[in-house]
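One chain, chain A, links the two complexes that follow: it is found with chain B in the first and with chain C in the second.
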Partner chain A sequence: MNKFMGNRLAIALFVLPAMLLYSVVVFWPVVQTFYRSMFDWDGLSAGTFIGLDNFKELFQDDLFWLSVKNGLIFAAVIAVFQIGVGSLLAFGVAEAHIKGRKWLRISYFIPVVLSVTVVCQLWIAVYNGDNGLLNKLFEFLGLSYRQDWLSDPKVAIYAIAAVNAWQFMGYHFALLYAGVKSIPPAFHEAAKIDGASKFRAHLMITIPLMRETYRFCLIFAITGGLNAFAQMFIMSGGGPGTSTYTLTYLMYRSAFRINEFGYGSASATILVIECLLVTLLINRLVARERIIY
Partner chain B sequence: MFRKTGSLLLALSLTLGLAACGSNNDKSNESSASPSSSASATTPASESAQASESTEPVKLRIYAQYAGEDSELPYDYAVAELKKEMPNIELELDIQAQDDGQKLKTYAATGNLPDIFQAGQDIISTFKESGNILQLDQYVDSTGFRDAILPSTQNTLVSDDGHTYAFPYAGNEMILLFYNKEIFEQYGVAVPTTFDEWKTAVDTFNKNKITPLSVFAKEKWPDVALFDIFATRFDEGGVLKLDKGQAKASDENYRKAAEKLSEFVKAGLLAKGATSMNYDQAAAMFYQGKAAMFLNGQWEIDAATKAMGDKVAWMYYPAADAASVETSKLTFSGGGGPGGYAVSAHTKNPELTAKVAAFLSRKYAEYKYTQYGTPIVATKVDKPIEKAYPPMMEELSKAIPNMKTTAFAWGLSNPRFKAAIEDASQALLAGSSVDQFVKAVDKALEK
Partner chain C sequence: MRTFANFRKSQPILQLSMWIYALISIYPLIWMVFYSLKNNDEIFVTNPFGFPTKFHFENYEAAWKSFKVPVYFMNSVIVSCMAVFGAVALAVLFAYAAARMRWRFQDTARIYMLIGLFIPVQVIMIPLAVLMRDFHLVNSLFSLIVPYIAFNLSFTTMVFYGFFRTIPLELEESACMDGASIYRTFFSIMLPIIRPAIATMIIFVFLAAWNEFPIALIMISKETLKTLPLGLLFFQGQFTTDWGAMGAAMTIASLPTVLVYVFFSEQVENALTVDAAVKG
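Then we have the complex of A and B:
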């Protein structure tokens, strides 16, 4: 019993620092954000309690709905690209007969370790309407598809989402590659004996067995998309106009450009709830049962 | 048992976390939200007067712009002059970040505000509310600053509430439309005096694959300035009148201005992708002869003269019609507002710090006036000009005495309106509709 209790105490002692840190750095700020969202507050003064007025105003604000829509577009673009392309590359690199697999693995991951600022500056040059690589490429191919990528309000959000999709695809690739490699080869060998093609084997064996990895990737991609900020801050400043605003950008605008920290906290609260709902929904719908092999 | 221990630990950790943050929060509220603390700080203590006279070394933290020779040279000069006048003062410079005042506001929120900091309209309004900025009325008189301020720049000294919160050094700056004389001559385009002539010029340049006007529209303040140029042709109050709530974007004159600007944008006034263009790209376009005109503040005169010599000049903004050319030509977009070197309400020695801030402001202006070729300063300078003004500045200095100005985007006092008009102007330049512009701006003005 003493030994048992001793272990419990040791566990508690080891858990305590992390729990304290988590409470102070994560839990408390979230509680504060919820609380402050009910104030008319400029970030410095005491603030006035206004109940749910910030939320009422938020739901009537066109900018809020535009931000939500942009967040969803951003999340959809990066989820489809990062998980789709990441899967294809992971399946490819996992093949034993592919040459230079180590080199490919490193190459796909390199953009992930680059600074977001560096990547954004690179893509600003690529997207340049006059001399950008992308328009030059279309020109070279004889296609009249030149675009003002970052200056067209209808295109800008997709162009910016593509940058995030490109940069962090390698992260999802690494997760998916690890998932592919963890599947015992016996399954694929059996499928091969039964005459299944590579495509069919991946469709019927690899993907279903990697449901938990996909769930994880989906949560990361979608919450990452809803939280997007850095790319629009650097590449477009939320513009042209407000066309690339997301909830995080709206929060930044409210708090730091117009000194309405209460309103900013309200949009942050909605963002937290949105991310929690998405996480909950994905956990409910994807890979509900634990897969053991 | 484990569940109980776990619950106890969780409760303990949360309590500690809450207690730690809670007490901190209380302190910050106390320090930042108490008007009485700021009020007491505005009253100079008797010992402060003694300290100012003493030669004991005093270290003051200053948060100031120090990026590029435009701000570095006058600052260095002011500090060197301070060393001669008050050798016991040591300034510890914290370079101002270009971050919409976030760093400074964070300093204020954490009770770590520097003794002296550069403040504009936004910072003054916010810090006044939270009791972080020292009211300088008495020091404006005791330091002789009020006598030194030019009659034309009184607006930079006194805020809307009739008090002074910063010692200004900059006068009323303005937006200029620079143009490349060679390109205009080459294509037989006369300097436009009306919108119709300007439109013809835009068409001619476009036909010859020259960008009519280069604007670094990724930054939003030049977008507001461009709208303001059009707005002031219909109503001399421009964006300032909107900011003060004396007009709405849906008013006839402002709607007409937005429609005219939109018409020009559709006619190809700006380069493709202008709203994602930064200063370097836009300036390079003009200086390399790819654009006929360039929009920036008068501070560009020095760089433009260096880059293009006598091939560059500035023009009066084209008027709405021939009848209003003379009446509207001296109304310029831009202008000054309350701002300059401000003093923290929590500084240990308010009188001494205010004296240093006033001194720095005057010396900063002195350098700009005597050695940097600009007459646009807030205070009188009794020293001779060492560096002659470039021809464009010479021309401008003739117009300044009778000039009327509005406001730069950063000088707008209503932050909600400021953010809205910045976004809406940029959207207008990117091709969005006038209705959207009017709706967004009016909505911001409603609150």
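Then we have the complex of A and C:
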């Protein structure tokens, strides 16, 4: 048996293809990103080592700070919306008397499986100043609150964040719903006997018990927000002006538009550090004790 | 008083608000399908919200014929299928060796593979582009297939590993006694057992590959090699006046994933949310 499970050739055949591909295409590039962030490099030549100059330059770049700020706005909008609305809907759908539970779950989740391109193009149409759904709706309701949502530099970042918030709410809903379902009903029965209202019962019992789920949702929403790229690329191209730049967009532009691969790698490095800090912070704030029922 | 209690119990306000959000969640999509069947006059002026008065299927014909929708569609099918096959095959092999066989560094190797879960694609886009250029894979579908397989390895390996750990060792012992080779044991005994996990991972990788955007954007510039998420992007300029055809193309692009979801909704939700159990 030992020989059977320790068959060296079989192990090599099973392990090496996956390890090799992963090392070359995922792991090595990460190392490269960190390494190349210290180079003045156009992607073609060998590049020159310049230490931390790229980072110094970044910190003096207004666009960098704007990108960081936009990333934080984006992350905050989607975290609050997706987790807030997701929680309310998950608690609601978990109630015993809800009819059409299956249809509600499907409707909430469908946007998650769509491609980001389709969703963004669709929302460009929704936001369209003349013929968009949103302005038509305001017109229909007799409100004069029409505007071109994506071309106002102040509004654009929120309008774009709203699209991501809308698309991935269903994902958080599914996570939170699974979390609610995993809490034994005895807890809520006890709360009911003690005369607690629904609202209080959720606030005092459900939410603390789902700490692990919330921790993950927060990490997912916030790091997802900081990494946002496709929405900006498709819906606004970073504009109007530079008003919807994010770190990833900055990286993309540096590397693939103006051939500053080193500078782009530096933004990517900052992005990794930012995501790491956020994850550590959330793990600290949302205490890590395992709850055993 | 009793009826009032019943009325309260059925919670009409809660019920209503949940259906209102359901509407917010899917109405934009319904609106898209509606306008894919309308002409411009109806979309912009006479009937922007409602059901099409007359079905303009010629929008679908226009999207399919005059633009490269069939080409994009085929590319997406090829890339997604190869990515599914590659990722599932490599991961299942690795996971089996890591979970059941005995070798040095097996835990280290497994943890090393897990690191990939925490790396966002965006972070390695630049080196990846350079790498694919050095391998002369730029502007071929392999520049998408290879990264898609590699990116899905961490997650699929982990799920398969978990599954293999739950299978009793006696199975392999008796196979060994009966004189089966390790390969035969793996393919005829172990693989059929983890079939449910394989099905879930097929859905997971398929959805991820079908919808992937950033890598496709930096790797592919040739029109004939574009996948749907990339190809549709450029409709905007060409189609600004023809919303009907644009809606039709978008509906065609969304159909596969929506159908997969509608038919396998439970598995899809599981496939996408197991992620959660791990990453936290």
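Quick note on the criterion: the second predicted complex is superposed on the first by the 266 of 293 C-alpha atoms of A that agree within 3 Å, B and C clash if a C-alpha of one lies under 4 Å from a C-alpha of the other, contacts with A are read in each partner's own complex, and residues count from 1 in each chain.
Convention: contacts are C-beta pairs under 8 Å (C-beta built on N, C-alpha and C of every residue); 3 or more make two chains touch, one makes a residue touch a chain.
What you see is a predicted model; the values in this text were computed from it and never measured.
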- In the superposed arrangement, which partner chain does A:Val24 touch: chain B (first), chain C (second), both, or neither? both
- Query: Is A:Phe256 touching the first partner chain B, the second partner chain C, both, or neither of them?
  - Reply: both
- Message: For A:His97 in the superposed arrangement: first (chain B), second (chain C), both or neither?
- Response: second
- Message: With both complexes overlaid on chain A, does A:Thr248 touch chain B (first), chain C (second), both or neither?
- Response: second
- For A:Gly237, select first, second, both or neither according to whether it touches chain B, chain C, the two together, or no partner. first
- Item | Partner chain in contact with A:Phe64 - chain B first, chain C second, else both or neither | neither
- Query: Thinking of the overlay built on chain A, is A:Phe168 touched by chain B (first), by chain C (second), by both, or by neither?
  - Reply: neither
- Message: Looking at A:Leu150, would you say it contacts chain B, chain C, both, or neither? Reply first, second, both or neither.
- Response: first
- Looking at the overlay, what does A:Asp42 touch: chain B (first), chain C (second), both, or neither? first
- Quick one: chain B or chain C, who's touching more of chain A? C
- Residue overlap on chain A between the chain B contact set and the chain C contact set? 5, 8, 15, 19, 24, 27-28, 32, 43, 124, 130, 256
- Query: Residues of chain C touching chain A in their complex?
  - Reply: 9-11, 14-15, 17-19, 21-26, 28-29, 31-32, 35, 43-44, 48-49, 90-91, 93-94, 96-98, 100-103, 109, 112-113, 115-116, 119-120, 122-131, 146-147, 149-151, 153-154, 157, 172-173, 176, 182-183, 207, 210-211, 213-214, 217-218, 228-230, 232-233, 235-236, 243, 246, 250, 253-254, 257-258, 260-262, 265, 268-269, 272-273, 276, 279-280
- Query: In the complex of these two chains, what residues of chain A are touching chain B?
  - Reply: 5, 8-9, 12, 15-16, 19-20, 23-24, 27-28, 32, 42-46, 124, 127-130, 148, 150-153, 235-243, 253, 256-260
- Query: Within the complex, which stretch of chain A touches chain C?
  - Reply: 1-2, 4-8, 10-11, 13-15, 17-19, 21-22, 24-30, 32-33, 36, 43, 85, 89, 92-93, 95, 97-100, 103-118, 121-126, 130-131, 133, 136, 140, 166, 169-171, 174-175, 178, 212-213, 215-217, 219-220, 223, 227, 229-230, 233-234, 248, 251-252, 255-256, 261, 264-265, 268, 271-272, 275
- Enumerate the contact residues on chain B facing chain A in the complex. 1-2, 5-6, 9-10, 13-14, 16-18, 20-21, 29, 32-33, 99-102, 105, 108-109, 122, 126-127, 129-130, 132, 218-220, 271-276, 415-416, 418-419, 423-424, 426-432, 440
